[in-house]
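Each chain gets a letter, A, B, C, D, E, F, G and H, in the order it is written, and its residues are counted from 1.
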Amino acid sequence: MNFETLSNILSMVADGKLAVGQAADQLKHLSFEDIGCAHVDHHRALRKGFPEVIFGQGKTSEQIIAILGKLEKSENIVLVTRIDREKADHVLSQFPHAQYFDDAHLLKIEKQPPAITGRGTILIVCAGTSDIPVVMEAYLTATAMGNQVKTLFDVGVAGIHRLFAHQKELEQASVIIVAAGMEGALPSVVGGLVKAPVIAVPTSVGYGTSFNGLTALLGMLNSCSSNIAVVNIDNGFGAGYMASTINHVGV
Amino acid sequence: MNFETLSNILSMVADGKLAVGQAADQLKHLSFEDIGCAHVDHHRALRKGFPEVIFGQGKTSEQIIAILGKLEKSENIVLVTRIDREKADHVLSQFPHAQYFDDAHLLKIEKQPPAITGRGTILIVCAGTSDIPVVMEAYLTATAMGNQVKTLFDVGVAGIHRLFAHQKELEQASVIIVAAGMEGALPSVVGGLVKAPVIAVPTSVGYGTSFNGLTALLGMLNSCSSNIAVVNIDNGFGAGYMASTINHVGV
Amino acid sequence: MNFETLSNILSMVADGKLAVGQAADQLKHLSFEDIGCAHVDHHRALRKGFPEVIFGQGKTSEQIIAILGKLEKSENIVLVTRIDREKADHVLSQFPHAQYFDDAHLLKIEKQPPAITGRGTILIVCAGTSDIPVVMEAYLTATAMGNQVKTLFDVGVAGIHRLFAHQKELEQASVIIVAAGMEGALPSVVGGLVKAPVIAVPTSVGYGTSFNGLTALLGMLNSCSSNIAVVNIDNGFGAGYMASTINHVGV
Amino acid sequence: MNFETLSNILSMVADGKLAVGQAADQLKHLSFEDIGCAHVDHHRALRKGFPEVIFGQGKTSEQIIAILGKLEKSENIVLVTRIDREKADHVLSQFPHAQYFDDAHLLKIEKQPPAITGRGTILIVCAGTSDIPVVMEAYLTATAMGNQVKTLFDVGVAGIHRLFAHQKELEQASVIIVAAGMEGALPSVVGGLVKAPVIAVPTSVGYGTSFNGLTALLGMLNSCSSNIAVVNIDNGFGAGYMASTINHVGV
Amino acid sequence: MNFETLSNILSMVADGKLAVGQAADQLKHLSFEDIGCAHVDHHRALRKGFPEVIFGQGKTSEQIIAILGKLEKSENIVLVTRIDREKADHVLSQFPHAQYFDDAHLLKIEKQPPAITGRGTILIVCAGTSDIPVVMEAYLTATAMGNQVKTLFDVGVAGIHRLFAHQKELEQASVIIVAAGMEGALPSVVGGLVKAPVIAVPTSVGYGTSFNGLTALLGMLNSCSSNIAVVNIDNGFGAGYMASTINHVGV
Amino acid sequence: MNFETLSNILSMVADGKLAVGQAADQLKHLSFEDIGCAHVDHHRALRKGFPEVIFGQGKTSEQIIAILGKLEKSENIVLVTRIDREKADHVLSQFPHAQYFDDAHLLKIEKQPPAITGRGTILIVCAGTSDIPVVMEAYLTATAMGNQVKTLFDVGVAGIHRLFAHQKELEQASVIIVAAGMEGALPSVVGGLVKAPVIAVPTSVGYGTSFNGLTALLGMLNSCSSNIAVVNIDNGFGAGYMASTINHVGV
Amino acid sequence: MNFETLSNILSMVADGKLAVGQAADQLKHLSFEDIGCAHVDHHRALRKGFPEVIFGQGKTSEQIIAILGKLEKSENIVLVTRIDREKADHVLSQFPHAQYFDDAHLLKIEKQPPAITGRGTILIVCAGTSDIPVVMEAYLTATAMGNQVKTLFDVGVAGIHRLFAHQKELEQASVIIVAAGMEGALPSVVGGLVKAPVIAVPTSVGYGTSFNGLTALLGMLNSCSSNIAVVNIDNGFGAGYMASTINHVGV
Amino acid sequence: MNFETLSNILSMVADGKLAVGQAADQLKHLSFEDIGCAHVDHHRALRKGFPEVIFGQGKTSEQIIAILGKLEKSENIVLVTRIDREKADHVLSQFPHAQYFDDAHLLKIEKQPPAITGRGTILIVCAGTSDIPVVMEAYLTATAMGNQVKTLFDVGVAGIHRLFAHQKELEQASVIIVAAGMEGALPSVVGGLVKAPVIAVPTSVGYGTSFNGLTALLGMLNSCSSNIAVVNIDNGFGAGYMASTINHVGV
């Protein structure tokens, strides 16, 4: 049916019944491919500026390979997030040119490095060494989307002078991602020091009443700094994606 | 004692002290078999239109085999839900004609395919590929209960044109089951497009604040579409059962 | 712009470029009226079988009056739910032919009684006298949507013989709504007795760990009877709406 | 020091400075043995009517063996609860006359069977086959404490006639324990049928929003039957203990 | 229909088709009166040993008066719980011989004082002065049900010697009710001192993380003393009722 | 001491010991005024691009007036958020040139309209009429911070064609704020249609399991669209502030 | 009985049967006064270093007056916490020399100012002006217990230079109390700057997901600074009491 | 850069532009070492009185070894908390002089035993044998920080005479740590007996509604004894650290 729709649109254009611009608009929203287990969204790159990203969790490696096979044909970069080592090995055996990043649980197929299109530098800051996997997921995502990205590890509020020593980098960033577990206080402090928008990512680092990151999340949602918005716990991917979107505003 | 009760009823009928209809009514509610670890409910098929379904979780394979042995004698179809591969293998060694469905964690003994008795088509829609196991449980249940069932995978709201391409199927279904994890928004959108009743099934797909499906559940309970009711998280069985019940209203 | 779209569609029909059926399909989804504070959805009755219902909570009486003024022109019945006495009085001063139902917090404008179009009888059962307001909201909604509706009050499980005395009514209903607060056990018992689909409505009746209906909700979601689906706490409107949708399956 | 205290009390009695009754009172509360990892409470049997029970969870098998070694000397029966197979094997190698019950995760040393001292029969009822482990823990505890105990399995509310068939046993019991998971509705129904006190035990049977027994617990706490009190989730031990205490009121 | 059922039973008895004992059994479960807003349960006293108690919350005073009018005819004592001053005044204007207890929010009609039928003394203990309303509800309920009841106020664990001074009363009670808010530790301490069963009632006394009694409830459910079972927050009525049931075991 | 610090810095500059740029950097972080009840942060406008905003909730009107008195001297625009009518009237009596916005509970002193400095247009979309107060708080904040702002009301997912009719405005916005209560599904749908960053604001519109906006919040945090970040429930101010920050990236 | 106990002890001392030291020990733990609604704990000052403090919430003013009447006779200072204006006026009419503090909801009777006995200075810091009521409760409590106390208001992390300007006071304090609402990040930052123990008090300042102080509490419990312990939400009294206890260690 | 900063400070001191005291102050706050995965905080011992402690959870053993390598050079004692056996073995292979404590999951490098600098004795009390791992973490921490520490195991409230037998030790301690799981009642009882500050540590010992220590935590936060403050669940390290800080007040 999808093909049918496409044909109709094209013949309407051919007949002069539909303007080219209108046809483009319609195509932007109607095109996908039904492969049984999934509706692969081929025009997402056109509509959203970045191709569909495969959420690996809960999918079999067979399903991932099938979707990847379709996306890889038309896209320069494809990401699979939340894919564990075992499934990744299965995928790598089919796509040997793919890269797997252990700490970020992310698999990437990249035909050529993306052009840097973002306005400024995205700075990713984390409170402790244990937050690094989440930072890496954000880093790989934002880099894949065409941004200059820098990182700053282990500058939590228990030794706040470590953060202040990097004030210049904080002030120069166009967007800042702050990842923190436990009490999640770092985004408030960073947010209070800069003008730039801050994307706060709670991590599941902690124990007891950290409730796997819920406490950090709640702290970030209640920040007394106002240039902060929050994504899901351990959602490094979403933080990197959102930061890239912000870094491309008006581009 | 059950036997005694039965005898009493029958002799009352024999003596003309009890009308046949009244006797049937009473039998419908009184018959079961006590096998120690369980009270097997033999007349459930009569009372409810479908035989007792065995909830496999928390039962040993010995207990499942014992109950199955009793039910199988009198029923055309028996289902065991939430039974893992290991227990299923044990059961299959005793009931070689049974079928086990890995993705749905469901075991079925079916003497002959059920007649289609439902009014229309039940359509099962899911937001993402990772929701497929829940869909399969619903599919197998509704099919076993005598319904025409169709499925539609991976049409979540992040690429909503994929859903709209199937508008005709949505409008033609007599009942729609919608399974979704994460934010659980799909039932609201589907519900807003159709007249038919929608059974929403939250799935545990997601991470962090998805809270293993709680977020999807809460979203579905608060839907701004009103032709929606909700079942437990990952309860594909219940969704299929309820949809079948609706598809047989007045039948 | 809406008008523009409409004109285009109509002129395409006039020019023979668009079949009548296709035009109707498009109109069904595109028509609404922007009145500033709201987008009034005029074609909802066509698409969904019942006109837009106004959710009164959080709206000023001025806003309700404005929306009502638009809907009333084209619809036979309009409902406003969750409207308190004070706002209702304000609305009644503008629409003197409207009726307000104190216990259900519902306001209705009905030009003429709706035809009975549902298949069978909807039975609404509640566990205690304190659940009556929720029952009344369901009753008024289902009645307005063209159903035969009966009620059965105060038959909770603490004196379960009161329920069994009404077994015939239970068995004859095509759909059953069960409202209960506290432990919310009644839907499980009713569901176990009948073939028909049961819509369970948790009510906020109770105290302490009833958590304003959350306990009843959770109980209903975990029912060991499978012909049950659940709506939001105190959502008599949704229960009545869903029951009507079920009672009209295939109609 | 404990010994010192004991000596003082005895010499005061010897000197006529302390009456025998008063001395007994004091001894009842002061005696224990400090073995480093634990303060073994030797006089609990005197004070509470049953010796200290060892909570196995979180203890090493070495610690359990040490405590058992002390208690076993002076007591007729000693129980270890929540002890897994592996630790139990370790303990059994030291105390070969002990018995381990796999389903109840309970280990028992019993020198001779306890005399029946309870007033009537304790009846333990459960909703489903999966609740049996909890029932067994209650059964073993209540039996060890000198009670006549009966059980009734798989009589949940989805097929309520199975329960009613046992009405006589329900009415004859002096205390009833009801174990149920999922929605936990069974205690309300049982409580509504009898005069006797009902101890409700929520079990972790279920999935999704059963929240590992929390839903059953909340349902039981909000029961509309009033002859019900509740113990912790899966606390078969506590239920059996409490029931025995009730069955010995005034004995 | 109820009348019909009754007639049938009676004529069967008259015809010798039904033994008197069996008829009594059946009547015990079948009799109630449908007054529209409620099904008044007239035989509850026979079945449960105490007449139906009216739960005042969420009922209008008109509804309470209607139900009271029916119950009062056949019962010696009728209780209305959770009825506020305003509704109570309305009821008192119709039933001038009723008594209202402000602190317990309980209304009682008592034709003559109940006979003392319980085995021993029920002792009600509370942690602080602010728990007194809950204690009073328990006191009035247990007294109405034919028990000797004593109270002990303000003996919380922060000054634990106040409790120990009453050790004799604790040891002599046949059942103990312990009400406490805040951390709810008192039942554990009391339970550790006595053989008798302890009914723990969490109260909503406290602030912040007392969560209106939830913390006390959780503490009580996790008591390391095993002769404890728990009722809902602020449920003085249930505690008194359960204690009376226990105090009548085997009576 | 603040004054002392300032003097030191200035004399170091005067003596050539400190470069002007360094001095400015230091001043940016050190200046505030201690007025007893508050430390007024005079240099926030310099550091953060917008002066300190007064959080009105929990402050007395006297405190608000005192802080306002200090800020008003040096700033062009001052906002007080979450200030109710009564306190606002008190403040207005002292600052007659202030404006109070009833629906947004916001008070503003504006010496002259701010220049438009943001890159593009901020579009604020809401699901229902009841969300308007939150939208207004966002609108007033973003406008005060120098942005072009447009609004779009009542385009929730139950009638999704209302949203699609505004697709052009959605695509042209540089940042989109989406406010929604109940299931909070709208941001996912909007996010799926555009490239721009979306700030999602859950509102407390709803009842029962909407849990005062918690359900909407959770839904938004779990959105399957990735260009979304979330602020606190009903935090229109934060949404407007964050959107403005994004709209000024690199400005 | 209390009197009897006292007599016994004294006569044993008189007879040389009990050493003076032992008698003192016993008296320290046994003395209280039963006034019906309360057990007034007269020896708490001796045992705990400060007399019993009356928790006003949930007590009637009559009960408060009765307890106060007993305590006032023997103590130099008596505090009533969580007493509202209305009850306080009632108490003040009986104890005209008492003082009531509106913001702290605390009533004090002080015969003469307490001697300063604490080791160093207790510093109370709060994040915002809205936290002042909690600070005042802590201030009045710690002052009444014989400590030098200083305060520092409105130095939250959004403008962290305001805090750093007071670094000397922070370093000189022997104990620091930090009160904060919203995300509750201030204690972590303060804790990271000093050696002294920090008592963190979450306040209910905030909205939405601040959950009335729960978020601040969780943040404080998960602080990455280790010299922090936490008290209940809004528990200024407990914070002041604990700080005083710390400030008197070894005194 | 850190080196540069240091040089600048030192040359300013050399030039007489900076007083020695001021330089010391600045150094105290500015020194750390950036090793990529972490910012090692070398001056924490100076600022806080104890060197940085490595939180082992979520770090790889490589990261732990790298940080340890830096800290070990300058510190007498270094602790790694929450490090499991496997990682510890890896670390021990590099630092053979380190000690690993299995029950406490703590690794220690100690060049020489710390001097005892605390004022008095810290007493650590626990409710049950299963709490010992948490006690050991507290014990090792407080000992490493220069305190005299004693322990008292298994004195929970179910046999409260075991606690009272140790009253002298309780009264002599300068600070008391109380660890308890389940209902967490022990701190309240201990707190009521002594003047000293009590640090309460909830443990995750329990099951069902113990919610992994949450119930114990809530109980402790709501203690009716006021000389209590609380740390995170199972946070033996924090309890030991805080107790040491208190034991060094004014030292």
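The definition used in the following text is that contacts are C-beta pairs under 8 Å (C-beta built on N, C-alpha and C of every residue); 3 or more make two chains touch, one makes a residue touch a chain.
Worth saying up front: this structure is predicted, and the values here are computed from it rather than measured.
Farthest from subunit E in terms of Cα centroid separation is A. In terms of residue-numbered contacts, C-E and A-H present the same interface, as over half of their contact pairs agree; the other options in C-D, A-H or B-F do not.
Set against the C-alpha centre of subunit D, every other chain centre is closer than that of F.
Chain copies subunit D and subunit H are related through a rotation whose angle, from the C-alpha fit, is 90° to the nearest 5.
Chain geometry summary: the mean Cα position of subunit D and that of subunit G are 41 Å apart. Separating the centre of subunit A from that of subunit E, both taken as means of CA atoms, is a distance of 58 Å.
Chain centres here are Cα means. That of subunit C falls 38 Å from that of subunit F. Looking at subunit D, residues 128, 159, 192-193, 208-210, 214, 217, 221-222, 232 sit in touch with two or more other chains. In this structure, the chains touch in the following pairs: A-B, A-F, A-G, A-H, B-C, B-D, B-F, C-D, C-E, C-F, D-E, D-H, E-G, E-H, F-G, G-H.
Residues of subunit G touching subunit F in their complex: 128-132, 153-155, 159, 161-162, 165, 181, 205, 207-210. Residues 127-128, 156-160, 182-185, 188-189, 191-193, 206, 208-211, 214-216, 218-225 of subunit B are the ones touching subunit F in the complex.
Across the interface of their complex, subunit F is touched by residues 47-49, 53, 119-120, 174-175, 192-197, 199, 217, 221-222, 226-232, 237-238, 241-242, 245-250 of subunit A. Across the interface of their complex, subunit D is touched by residues 1-2, 5, 29-30, 32, 36-39, 41, 44, 52, 55, 57-59, 63, 67, 82, 202, 204, 212-214, 217, 232-235 of subunit B.
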